[in-house]
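Listed after this line are the structures, all set down as structure tokens.
In what follows, chain A forms one complex with chain B and a second complex with chain C.
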Partner chain A sequence: MPATSPASLLLDTRLRVETPEGVDLLLSPAGPLPRARAFAVDLALRGALSLTALLVLGRLGDLGIGLGLILLFLLNWWYMVLFEVFNQGRSPGKQLLGLRVVHEDGTPVGWGAALLRNLLRFVDMLPLGYCCGLLASLANRRFQRLGDLAAGTMVIHQPRAPRGSPLEPVAPLAAPFALSAEEQRNLLDFDERQRQLSPARRDELAGLLAPLLGVPPAEAAVRLQRIAAGLRGGV
Partner chain B sequence: MKQAQFEALHQDEWRALEERLAMLEKTRAASPQAAGFAAAYRRLCQQLALAESRAYSVSLVERLQQLNLRAHQQLYRPRQHLGARLLTLVFAGFPRQVRAAWRSILLASLLFYGSLLGMGLLVYLFPDLIYSLLSPQQVAGMERMYDPDASRLGPYAGRASSDDWMMFGYYIMNNIGIAFQTFASGLLLGVGSLFFLLSNGLNIGAIAGHLLRIGYDETFLSFVIGHGAFELTAITFAGAAGLQLGGALLMPGPRSRRVALHAAAKDCVGLLAGIIGLLLIAAFIEAYWSSITRFTPGVKYAVGAALWLLVAAYFLLGGRRR
Partner chain C sequence: MPLSSAEAALRPRNPWEAVDLGVHLAQRHAGLLLGSWAALTLPLLGVLSLLLWRWPGVVLLLFWWLKPAFERLALHVLARALFGATPTLGQALRAWPGQLRGELLASLTWRRFSLSRSFTLPLTQLENLRGPARHQRLHALGRRSGVARWLTILGMHIELVLWSGLLALIWLFLPDQLSEPRNWLSLLLRPPQELLWLEHLSNACYALVLVVWEPVYVACGFSLYLNRRSELEAWDLELAFRRLAERLGAVGQALLLTLAVGLATLLASPPALAGETEPAAEAASALCPLPGEDNPGPDTPRLTHQPLTSRQAQAEIYVLLDQPPFHRVEERFDWNWPERDDEQPNDASPPPAWLQDVAESVEVLLWSLLAVAALLAWRYRDWLRLFAARARGSAAADAPPPTRLFGLAVDPASLPDDLPAAVERLWATDPRAALALLYRGLLSYLLHRRGVPLKDAHTEGEVLVLVQRLGDAPLAAFAARLLAAWQALAYGSRPPPADLGAELGAEWRQLTAATPPREVSA
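== the complex of A and B ==
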């Protein structure tokens, strides 16, 4: 089992998984709700496929019925397995909702894990409506249902491209004293976040640092912006 | 180095990697092995570590982290040599795994064949007992299937040979589905596998006992002996695999239940693939050989015995030489 830890001490479901290359992957496990929605999409798709198959193949007589039964079997037991193996862990429903199945160590699923987690789905659906799976997935940090636990897999959100908004240029300024790495990170984080805050809230937060910066509270926000620009380096 | 310089220095590299990833994510044909992808990934890992240790801004670190996750997904794609892996499984892996799992297979066989023979004997001696399991309509249906005067045997007797296709599909859907259920329900502390093994054993035993008692022995036995070698074996294997899952949860040993379950499930993958193979063979034999009445029961018994011997030899001797 790979070493995982919560990504931060904040209330956050993201997990850190260390890779052999010595960097941490940040995985965000998908909870029951998006997974249920993905399953509903897949169910509808499978239903539509079986219906058309039965209508078309039913006209071919017994050969058609035989083929139709095999097709039903494939749709019932193999639909998820084949999509997860051949489409990088994404059934059409999962792809639509931006989900993906990976091993617990963050690597993509292969045949063994995909087969196991989908055969054991039978138990997760017991006694009705995914009761077992729901209980199991609420009882662990990775939202794993029973099949996931046995196969060592989890469903994650695919990372979305970060929305970057350009910073307005301000005259850079050196920090009044040396900052620790943690302080620098927080300062830059505040600088990027302050455009999403209301001006009043921004000034209130920045004002906390006013005594330290030696400026009146009203100017603290601009001063912090200039220091952040100085840390980031000239453009 | 300031963040702005760092970004300016590597911007082009990241953009190129992004384009490459978009292509890799779209098609399976594009191979992540080609032309320096691993090297680009390693450089990215280093840049991410640098960005984190130099306390660059969250937006940059997150961008690199996401790029890193996507590249990791592509680099560690499973190697898909399915054909080669299946061949190894057929010629060595499957019989070896079966022998390694002999304890649970013995237990599953005792449960299944024990209940089958016991119930068969009881029904043979006390004929009314069959109605505790099956309704009179079902019993009448069974009798029709194995009527010695029928031209074809098995479910939907009296069908023409063109129906064989339909029955092939039916057997695949029905039997492999049952095997999957027998395996999967082992996750319920083994109780589900126990239930499916016993209920299948009792049902088959009751029907066998009833048909033998009313003198349909020749049609029934000559029908089941051929594909039984594969089908009954596969059902006991599926039960055994399910019992292993349940056993891992009940008796995890020195490991946590979660780790024990994961390890047990991993061992079952090869068995499952083998079971599917056995049941495909069984469905084929059942649809195209067992049901025909052109051959005398003597021929069918001989072929059936040969198939049982073949199966036994495969699991006892297969994959011994390394």
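== the complex of A and C ==
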């Protein structure tokens, strides 16, 4: 297993996983609450499916009941496994709520891990209704329930593509000082998020950098916007 | 509240990730949170139960109703701990009565059933907002409190699940005699006064469940509040900008000085710079210069008059390379032969004589088996060779020889039956076509008669090398003449000598007559 470490010394929801190529992946494990929601969706879906199947098959007499029982078995034991293997670790509930199952190193789950983590649901359900799993994932740093611990998997939030907001075209400007990658990212963030801030707060934030930019604090926001445009390589 | 001392990374997150951050917060301070909650609520429940022993349902209702008041303790601990001022258990408990001021009545009456109470509690308790100001603030913050409502709904279910799970666990641990349905029925059919202890037990279980869950719930609500505020106020950007200002403010002065000095040296000595570039250009022309006197190689000390000499730098680099991530210690477990333990004296008693006999006979048996195997291998050597050959050369032998090479048809069927005659006929009118025909004939002969593995990628020169490797001197000489003439004509448009056609035709007749046709096994 590659070394995973928290993304920073601060308490954070992200885990940093280093691939053998030296690339850092940031994964954010999903806690018991979002997972409970996804499980509720899956449970409702499975319940509805098995109810309709039993209603339809029940009319066929003993044969129908036999088929229905087989179907119940498949729904109970294979629903999660098949979806996780064939749908990139996402059962319908997880897909709806933007979660997915991966190995601890961020690779997609295969047959072994999916089978193991789903067979061990029975342990997590002890003594009633996922008590063990809930307590285990509340106590774990990666929010793994017992099945996840055994299979070496975890559930992560699927990163969603950010909605690009249309940016005003401004004349790009080179930054007057050298910036690290992190600082460039911060400036770009400021440019993209300044519409969510109140104007007073925006000017206050930009004013922090006004002495460095050599402009009055009132013009700092526009100057930062132009520098961000320059970093982005024009609009 | 200095943002830089926050112990959590405060950046805008998706609200559900913010809930996860709340769980992390609760995990980090689990001992303090759970301890303070237990120290506060469990004695209170005990007192309530003793006072209202006859009415356990009322005890449960009162206890449940007072939850928002208890939550203020957890929030107080969390808010202090987030900014590095973690209180001790005693401090937290002493601070609790003070936290109860501020709309306690509202939160215990008409706001008791608000689903987003975990999200709005920090407004009341930490920002001390009242009335219209609180309402306005809530309006600004609260557009996304849907997740807070979800949190409360999920929390109710989690409480129920944990509570019934705990009761089920207790039931599972009952001895068999007690858990028989008959006994249960007799227990439950008793007058209600005698069942009070059972209800109080269930109340105690509920209180225990709250010890685990409520701090998490409060932490999640607090984290949602923090997330919303850092979204609206860009706390992470403020931190980043402050850091940037700090870094550049400190460096700025030194930078100006360095720039001035650097500019002065640049302006003072341009010819020196130009002079230095010329040897550099020469050095660059030699791709890989050998170490010499003027170029002593990378291992000799350089930069000896700098503050950082090359030796020192090298030492530091090696130290760095010995640390992660360049140096990784990996533990692997493999099956291995055990190391022979020579130090231990072989004090085992000699085996009995009959065992020696058995061992000898087994040895004889094994040797004779080996001999029989060798005999069999010799007897069936042809069969084995056939199989081995098939396994080895299958890829080459199975592939049919190509019918076209470099755009020339080399299938035997595409050639005239009497090739030399056709060549001599064509020679007078069109030497190019005649040579091409003869070249095709040669290629076809090599492919089909001699089994030379020719490929589309072979050049004329490579074909010649392959022919020479066959060890057939007349054929090689013929091919060399033919190919030289063909290359001169095809690429250089130099016509071949007039009598070459007849000579080549004659040679070709000799060659094909000398070599009996041999079919290559497909």
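As a working rule, the second predicted complex is superposed on the first by the 211 of 235 C-alpha atoms of A that agree within 3 Å, B and C clash if a C-alpha of one lies under 4 Å from a C-alpha of the other, contacts with A are read in each partner's own complex, and residues count from 1 in each chain.
The rule we apply is simple: contacts are C-beta pairs under 8 Å (C-beta built on N, C-alpha and C of every residue); 3 or more make two chains touch, one makes a residue touch a chain.
Nothing here was measured: the structure is a model prediction, and the numbers come from that model.
With both complexes brought onto chain A, simultaneous placement of chain B and chain C is permitted, the two fitting side by side without a clash. In the superposed model, the vertex angle chain B-chain A-chain C (Cα centres) comes to 70 degrees (nearest 10).
Contact with chain B, but none with chain C, is seen for A:77 once the two complexes are overlaid on the shared chain.
When the two complexes are overlaid on their common chain A, residue A:195 makes contact with neither chain B nor chain C. Contacts of A:115 after superposition: chain B is touched, whereas chain C is not reached. By the touch criterion stated above, A:161 is placed in contact with chain B alone, chain C being left untouched. More residues of chain A lie in touch with B than with the remaining chain of the pair chain B and chain C. In the superposition on chain A, contact of A:22 is made with both chain B and chain C.
When the two complexes are overlaid on their common chain A, residue A:211 makes contact with chain C while staying clear of chain B. When both complexes are overlaid on chain A, the residue A:135 reaches chain C alone and has no touch with chain B. Shortest separation of chain B and chain C in the overlay equals 9 Å (C-alpha atoms, whole Å).
When both complexes are aligned on chain A by C-alpha atoms, chain A residues 22, 160, 182, 189 touch chain B in the first and chain C in the second. Residues 2-5, 25, 28, 41-42, 45, 48-49, 53-59, 62-63, 65-66, 68-70, 72-73, 76-78, 80, 82, 85, 162-163, 165-170, 172-173, 176-177, 180-181, 183-185, 187-188, 192, 245, 258-259, 261-262, 264-266, 268-269, 272-273 of chain B touch chain A in their complex. On chain A, the positions that touch chain C within their shared complex are 3, 7-8, 10-14, 18, 22, 28-34, 36-37, 97-98, 127-131, 134-135, 138-139, 141, 143, 157, 160, 177, 179, 182-183, 186, 189-190, 193, 196-198, 201, 205, 208-209, 211-212. By the touch rule above, chain C contacts chain A in their complex via residues 6-9, 12-14, 16-17, 19-21, 23-28, 150-151, 154, 157-158, 161-162, 164-166, 168-169, 172, 212, 216, 220, 231-234, 236-238, 240-242, 244-245, 248-249, 252, 324-325. Across the interface of their complex, chain B is touched by residues 1, 19, 21-27, 61-63, 65-70, 72-73, 76-77, 85-86, 88, 100, 102, 106-112, 115-116, 119-123, 126, 146, 149-152, 159-162, 164, 181-182, 184-185, 188-189, 191-192, 231-235 of chain A.
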